[in-house]
Each structure stands twice: as structure tokens, then as C-alpha cells.
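Next come two complexes built around chain A: one with chain B, the other with chain C.
Our next item is the complex of A and B:
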């Protein structure tokens, strides 16, 4: 397992560097220049991370290997397929969360609570990390059978647009007076699988309950991705 | 010659799909839109320009990159090497044919639009202006695609790299003032303004009458041609010398990331805030500061009424004490407690603990409203002693309730609009708080007598016992000169998207009855000596000005921009020590939703009010 993670790390680490440089530079420039309020810069940095990182990561894990023809070799190794997928998922999670956390640290060092408190800063970035991870889980599953990186990237963009539109449909109305809580008549279970639930929490939002349901959703998606990986490999062999 | 024709024929065969795409996207889709909108417009309006403007560049980039990659990648590259064809000639033909096809594909819809829309009667059609200037943009984007294709020899990375370059080429001139002449929206604007300065007849290379300002527009055209030629020369050298960039995925990502960061940094550093925040004070209630009055030691804050989805926040008055160690706010007195419908407040340094409010009271029997001066003693919200002094209806024309109250030389000046051209004014003496008196006063024009930007004559109110400066300050504060400020001898008016105009005081004059229908009165004559033209980025953000204030040798402008529904209030500080060249030397952006109110203090600091009160230090010396 460690060797698998090492392999993935060597292949993907530039993406971690790229994400960290882009997000940290964005936060650094925005907070240094103060052309707009600190909170807007932090939300902008998070939006950039949430929109960019899951696509960049998910498209480069399984579909890239399949496109280059190395996935078959990888699955032929005496390693259980779930370990291969777990190594990829662990590294993918790191690639999604790492740059956002790095940007959070840069933001804390630059802003020092001058406009919004450090706790609020952590909350903004924490929510962004969670949303990025949930989106990554959806994209990992949806691209598990993609034959190439380009097609997988297009699929990821589709997943992102689909969830953005679905979230817009779920949120009937938001009230500033209710601290951004969403007024929604959608069933709670539908909210529970929505990756953006932490950004637009419904009025009857119970964070721990929703997070637990999200964790179950992520686990189920991972199992679906594993199944897709196995079937994809069998199809290729046949 | 035959070889060239053969090569051109081959190239045309390979890129003619572009014409098909153009036919569908640039002609069929606008036509469908026109047919759909037929009921509303009562005819078919063919609007191809949005499609061509936004997608023409993408098409040019894709064609430039793919046409060169097709023949330079894989076995075809070997094939071309084995032929007795000069690489330079082959590449020249390829470049020219591709460019010609792009031009036809993009210009044809504009020509059709221009032809179909001529009956509109407009002097200049946007389609014609686009047809005159956008070919230069397409040529540059096509050349970027061509050179990236020659260097990478892979279509995907070449397109991404070319798009990153195009992004920089398009937006950097918008952001960076030195590159202003290369900015395509500005170039288009010159052709759309028929009365442009430097207008020298129609653009010679289009058959329509498109206004042409060679001095402003030619640098753009020449630069675009030079960039295109340089890109083609580079691709020629790259192909001849087998230069090749291993365009891996990393290069593509890094180049786009770099381009985006460069644009963001250029924009952000142009708008950066540099006024130090010395103190941030919570208001203690959910209001938003509307006005700040202070003499540097005491003062008041007035917060505006606000509706939220669930409750109403009434307007409030809050006392303020300013000491060396900071600003302290007293408890707020909400105006709801004062039972007022329409009222205006003022503060006098002579009575630091009192807020004067002018109130109109409508009697129940439908009689004329009567004016009351409400005297609010601050602080103490719960036990505020509020006293009311009736001013009477005979002294104030109250038919028009557009009433305002200002502090002028230790007295209160009530003003109201009598008609579209005239302001009326009444001076209220509050030396004896128990018996405020309305002093006899005369009608007040209140309007700038001139309409010419090069000079301004500001009418001075006839208030006995006031110095010239006090009369001028009172005059600037009235209707018509609201967005203006006096700083020494300098009058500054208006700001973005229009320029900030700087006038210098020249003399005091007097009108005669022949000049106006009103009695003769004094005016202060100003002559324009300078102007600050907002940068393109400032214009793009299209802010509206909330307040202009003067003090400490500076002019402070508070404005607000709205981008995608989010409001960004800002303050810009101008140094007017040289009135001929006003310079922005300070910026401040606050995390607020509404516009910011400002009040310069004598110690050089600035009070800024939004949902919180900020005390800002002076701008850094440059």
C-alpha cells in the first residue's frame, strides 16, 4: 500500500504544487492589495479551489492511467484492486484538501483577523475542503470508466454543473437575516448527498448528522468506483 | 506559382470546415434568434455580432493551432520533409490560407448584419465597427495559435497555450494603463463616438462610414499587425530549426495558471488599499452610517433606516468623542423614539451634545404642515430629553418636503426646493436653545450658473456675518453640487466613470438682474485647471459616487461598484497639491455592503462609516 501511495505521489505531486501556488498566490495577492474585503478574497480562493482541484485530480487518477495503458499493468500486480483505488483516493483527497489548507494558512498569516476572525476564516476554508472532497468523490466514481483524461475532464465539468444546478434547484430562497440558511422544501436525504450542503445549509441543518450522511455517501461512491474499476479492467481484458 | 496554388488548394480543403462552422454558429444561430424574436421586434433582426465577437477569437485560435499541428506531427512531418517543397513557402501559404478563411468566416456574418440592418437609420452600426477593428484581434489570436502549434506540435496544448496568450493580450491592456492604446474596447469606443476628438473621416479599409481617429486607433492596428508578423516569423524559425517544446500537461496548466495570476495581480495592485486602519469601532446596533459630522473632538454619527427580511432597523443618532487614544461612541438614539416622518439632522460644534433635527408635522385636519426643530440631547437613549420648538409655517415654504438642514457658521441653514430652478433657505439661530429664531433670509438659487465644464460659477448664499469660506462651504453642500468638495482654493467635482474635474478659485463676482430672473447675488468663479481620467479598470468597474469630501490637502471620494450582485465600496484619496495634476495616492476597501460615509479630521486621519466605524491613517507619502 505504501508503495502504491509512493507511486501516486511521484506522479501527482506537481498538481499539489500547482494547486498550492495558484491558490496561495491568489489569496496572498488579494489579501495584500485589499482591493476587495478579506472575506470576498477568501471565498474567491475557496471557489477557485473547489472548482479547479477536484476536476484536476479526478481526471488525472484512473482515466490518465487507462489512457496511457498502464492501468492494466497496475491491476495485474499482486495487489487487491481496492488497495489501488484506496491509494488513488487518499492521494486525490490530499490534492484536493492540501492547496485549500495551504491557502487557509496564508490567509490567516496575512489577514490576522483584521476583518473577520480566525475562527471564521477556518470555517470558510473548512467548508471549502469538505465540498472539494465531496465533489472529488462524485468525480472519482463518474470517471472510473473513462478511457482518457480529456473525456474524464469533460465528465467532471458535467458533474460539477449538474450539482451546481441541482443545488440552485434545492435552494428555494436564502435569507441574509438567517445567516445564509437555505429555505428549502427538498427532502433532507437529497440535501445530504449534495456536495454543496455545507455552503448552502438548509434551515433545519444539523451539521453532524449531515456530515455523517455525507461520509456514508462518499463510502458508497468509493464502492461504486471500485466496482467500475474492476469491470472496466475486465472489459479491457475481454 | 503552380506549387503555391496546389498548396493553397490543399490547405483550403483542410480548413474549409471552418466555413461550415461559421455558417452554423455565426449565421444560422443568429437567424434562429431573429426568427424567435420576430413577434417582439415585428421583423427578423439578424444579430450576428455577439457570436462573432465572443467566439471568433476562439475559432481563430483553434484553426491556427490545429492547421499547423496537423502537418507537423507524426508521419505527415516526415512526408513533408521528403517533398521538394520549401518550408518557408509551405508555411506562408498555410498561414495565409488559414487567416483568409478565418476572416471570411467571421466577416461574412458581420457584412450580412450590416446589410440587413442599414434601414435602422443609425449613423454607425456596431457590426461595421467590429468589422473594421476585430480582424486585427483575430489575426493576433490566429497567429498565437499558429506559433504555439509550431512550437508544441500537439493541438491540445497548443490551443491551451494560445488561449492563455490571448487572455493576456486581451486583458492586460485593459488593466495596465501604459498599454491603454492597445485596448480593443477603447478602440471600438472611438469609432462609436462620432464626435471623437481627432476624428479624421471614415476607416479607409471598410466600405462603410466608420469613424476613424488615427492618433488613438492606429497604434492598436500597427501593434496587432506587428505581433502577428512576429508570431509568424517565430513559427517559421521554429519549424526550420526544429525547435520544439515538450508540451506536457504540466506546461499547459502552469501557463494558464500563470496568465490568470498575472492578470489578477495586475488588476489587484492597481486597486490596492494602502490607507492604514488605526481603529475599528463597532456601532453597537445593526444600522449603516449615513453621515458623519465632527470637528475633530466631538461629533455625531447618523445611521440610515434599513429593512431586513424579518425586521426594521430604525435610523439612529450616535454621539462620538475623539481623543488621542481613539474614538469612543455613545449609545444610539433611534429616530423612532422621536416620532418623525421626514427629518433632517445637523450638528454644531458649539453644541457638541446636541443633535438638531428639522421635522415636518402634518396636522390631522389636512392643514399645511408645520416645521419643528427637534433638539435631541446626546447621549442617553432611554432618558433622552427631547424638546421641540415650533418654527411656524409662515417662515418656511413647506409645500415641497425636500428639506435639508446644514450647520453654517454656528447657525442652522434650512433649505428646500421651491421649484426646479430655485432653492429657498431659512437661517435658524440656535444661540438660545430655548428660543430658536428663524432669521429673515432670501431666496437662494443653489445651482451652478454655468453649464460649461471649463468654468464653474457657484452662487453664494446671502447669510449675514459669514466669511467668504463659510458661504462657499454652504454653497457647495447644496443641490447640484452634491458630489463636490472644497479644499483650499480647489473645487473638485464628480468622479468615475466621468473624470474628476479640478477647478481653481478665481474671483468673486455678482450677477445682475438682466442675467437671471432672480435678484442679484454673489458668486464664486472657478476655472478648470486639471482632471483625473479614471483608468480603464476603474471605468470597467463602473462605480457610482456616494460622497466627495475635502480636507488635509486631499480630496476623498467614496464610491461603490457592483460586480455579480456583490457590492464593493471603496475610498480613493487624491492629492490636489498640484491642482493641474490630481493624483490618486490612497485607496481603501472596506468589508461593507453599502457605500461608505467619510469625514476628514483635522489631525489628518479619516473617519469612515459603514456598518462599522473605521479611523484611517493618512495616505503614505510618495
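Our next item is the complex of A and C:
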């Protein structure tokens, strides 16, 4: 397992650096110029991270290796496929969460208690990390059988658009001020398993329930990805 | 006590969508032998090999490798088998030394001194990134990775694909001969017949997803022959038992038969003078996968265990 994580780290670490530079620069410049309220800058930084990082990460994990043919090499080793997937998931989680947390630290250093409290700052970034991780899980699932990085990136964008459409862009027409997903017209299960529910939870929906539902969904997605990794990669005729 | 059979495959079938890739595949590979698994591109060789490693699940039938079921114990099988895939992809950013270090922990029996020895013998540049290796160096690195844990069974899936003729000869001379000396079972898949002619103890010919012939190489050479006779004998030669291929040209008929002992007395009953020609493995293979189709388009493939 250590070897697998070492391999993933070497292949993916540039994304961590890239994500950190982009998000920290965005937060730094925004909070320094103070063109808009601090909260808007932080939410904007989070939105950038949530939209960018899961796509960048998920597309480069399984599909990139499948495209290069190294996934076949990897799965022919005496190592359980779940470990291969777990190593990728761990690195993916780091790549999604790391830059957002780095931006959170920059935000705290730049605007500690200036307009919003430290607790509120952490809450904004914490929710963004949660959404990024759950989006990553969805994207990892959707790209598990994808043959190339390019197609995987398109699929990831599709997943993102699907959730935005399913939740009407997170803003219910009837209650625009509340951003209330509970009042939106999306079917129950669809919004309940939408990663964005963690940012805009409905009034009658406990955060722990939302989190539990997300966790169950991710577990199902993970099992699918494992199955796709185990058999899908190999099922080509000679 | 070692298992007398390194590989046993019984009644294996595999379908991809609407294409039946393997159909009632039966094969036994004796331990300690060099076994050539022959078939044209797309015959199902790689599919069968992936089943041996537990990478693919057969739709039906049983597979045993070194006494284990690859579906039940895939990791144990892969730990004990050396595998060099056809056109094996390496992690291009890794240096040769990193690639070796990366692979070592996956194999409990990895022999670092042996790996180093092989690297020297194969003249591998340890500091070079694998994406910068030549085709030949890549194959040699793959081979090092397949051998460094001292497996009892080595599966080579068309390992010389893409190598130039000199490299292929070197590969066969150095590697297969070495493995034979070490009593390692070598399961060698190839579509280049001339290259395995000199090294294979036994062969199995795969056609349309079935083994059409499995035999010891020498026995195959002794039995499968080409008969040449004047055109007048064509009616007799057409009905020879075990006829694989038949052609009429230049007032001569040529027939390839799979058992000369059974066919020759029948051929001689025509009264014509019969010339018996030895065939190399390439020609034998051609007779089975091309001639046999022509002569017996509807014939069911069969397994004739000789080895």
C-alpha cells in the first residue's frame, strides 16, 4: 500500500502545488484588495476549488492510467484492486482538500476576524472541503471505466452540470433568498445525495443526516468503482 | 512435492459481448517444460493468459495454476508466477532503479541480489527513466521484473513483439535457455513460429477459441507431414485420414496430414509414388489454422492430448 501511495504521490503532486497556488493567490489578492466583502472572496475561492479540484483530480487518476496502459500493469501485480483504488482515493482526497485548506489558512492570516469570525471562516472552507470530496467521489465513480483523461474530464464536467441542473443551480425559484434546496423542485433522493446539500442544507434536514446520506452514497459509488477497476480494465479481447 | 502440472485448463469459455473468444478450452502444461501457446492475433491467447492470472473470470470451466485457482487466490498466484505482458506499459516517469524498487515489496520472494545481477546481465541503465528506454531495454526490464522473485512458472505473452530479429534471437537464446536450465516452467505465447521452433518442448495451437492440437514439439514434427504425389492420386489423397491441407498445382497434389503413420498406407494404396516432406513448426501451424479451415470449415475443433 505504501508503494502505491508513493507512486500516486509522485504522479499527482504537481496538482497539489497547482491547486494551492491558484486558490491561495485568489484568496490573497481578493482579501488584500478588498474589492468585495471578505465572505464573498472566501465563497468565491471555495467555489473555484470545488469546481476545479475534483475534475482535475478524478480525471487524472484511473482514466489517465488506463489511457497509458499502466493500469493493466498495476492490476497484474499481486495486490488487491481495492488497495489500488484506496491509494488513488487517498491521494485524490488530499488533492481536493489540501488547496482549500491552504486557502483557508491564507484567509485566516489575511482577514482574521476582520469582517467575519474565525469560526465562520472555517465553516465556509470546511463545507467546501466536504463538497469537493463528495464531488470527487462522484467523479471517480463516473470515470472509473473511462478510457482516457480527456473523456474523463468531459464526464466530470457532466457530473457537475448534472448536480447544478438537478438542484436548479442551488437556488430555488420560490425562495431565492434562502438558497433552499428543500424548497426546490428537485426530487427528494436527487437533492439528498447531491454534494451541494452540505453547503445549502434544507431547514428541516439535520447536517448529520445529510452527511450520513452522502457517506452511504459514496460507499455505493466506491464499490462500483472497485468493480469497474477490477474487471472493466481487463475485459478486452486479445 | 511439486505439482506435476503447472497449468490445467478444463472446458473454459469466455465471451465478450457477442464474440465467443474462448470456447471449451482444454490444456495441460507439464511442470518444468517450455510450452508454446500458438495462435494468430486475436485467437484468444491473451484472454487465456489473463485468466491464468485471475485478471479475467471464465464464463465456465476450471483453471488451476501451480495447484491454485486464480479466481480464488489471485494474489498468491501472481506472487508465484512471473508475467511479462505483451507490450507491457511501464510508469514512464520512474527510473529503472525506481521501477525495480517499486515492484519488489509486492513479492515476498523478491531476490534483490538476483535482480541486480539480472540488471547487469541485461545491461539496463539504472538511472534512465523508463520512458526513455529502447524497445529492447523495455522488454528486458519487464523480464527482470518477471524473474526477480524467482517464480516457478513464467508466463511470457508475445514478449518479443516489436523487437528486431537479432534481439528476438538473443532473447530466446539467453532467456528461455536460462529458464530451461533452472527447471522453470515457461508458458510462451507467440504468433512468430520460427522463433519458438528451437526452444519449445510442447506446443498447443489455438484456433477460434479452441485448442486444435496439443503435442510435444518433436512428436508433432514426426507426425505432421506433407505428402506430394502426381495429380492422378488426388482422389485418394483428398480422403486421407487427418487431412489438414490440400492443394493441386503443376500436375502435382500436396496434402498435409496430422498423422503420417495413419495416412501413408492409405496414400500408398493409390499406387502412385508418394514423397514425404518434413515440416517446420511454422508450416505445421499454417496447416492447422489455415489449411484445416479450408479443408474442414465445419469441423469441430478437438483436443488431442499427446504430451
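FYI, the second predicted complex is superposed on the first by the 213 of 238 C-alpha atoms of A that agree within 3 Å, B and C clash if a C-alpha of one lies under 4 Å from a C-alpha of the other, contacts with A are read in each partner's own complex, and residues count from 1 in each chain.
Basically, a contact is a pair of C-beta atoms (placed from the backbone, for glycine too) under 8 Å apart; a residue touches a chain by one contact, two chains touch by 3 or more.
Quick caveat: nothing in here was measured; it's all calculated off a predicted structure.
Of the two partner chains, chain C is the only one that A:11 touches; chain B does not reach it. With both complexes placed on chain A, chain A has more residues touched by B than by the other of chain B and chain C.
Touch criterion met: A:79 reaches chain C, while chain B stays clear of it.
Of the two partner chains placed by the overlay, only chain C lies in contact with A:69; chain B stays clear of it.
By the touch criterion defined above, A:34 lies against chain B but remains apart from chain C after alignment on the C-alpha atoms of chain A. Residues 156, 249-250, 253-254, 257, 260-261, 264-265, 267-269, 271-273, 277, 308-311, 566, 568, 587-592 of chain B touch chain A in their complex. Taken together, the chain A residues at the contact with chain C in this complex read 2-3, 6-7, 10-11, 68-70, 72-73, 75-80, 231, 234-238. Chain C meets chain A in the complex at residues 16, 19, 21, 41-50, 53, 55-57, 74-76, 78-79, 83, 85, 87-94, 102-103, 105-107. Partner chain B is touched in their complex by these residues of chain A: 14-15, 18, 21-22, 25-26, 29-30, 32-40, 56, 60, 114-116, 149-150, 175-178.
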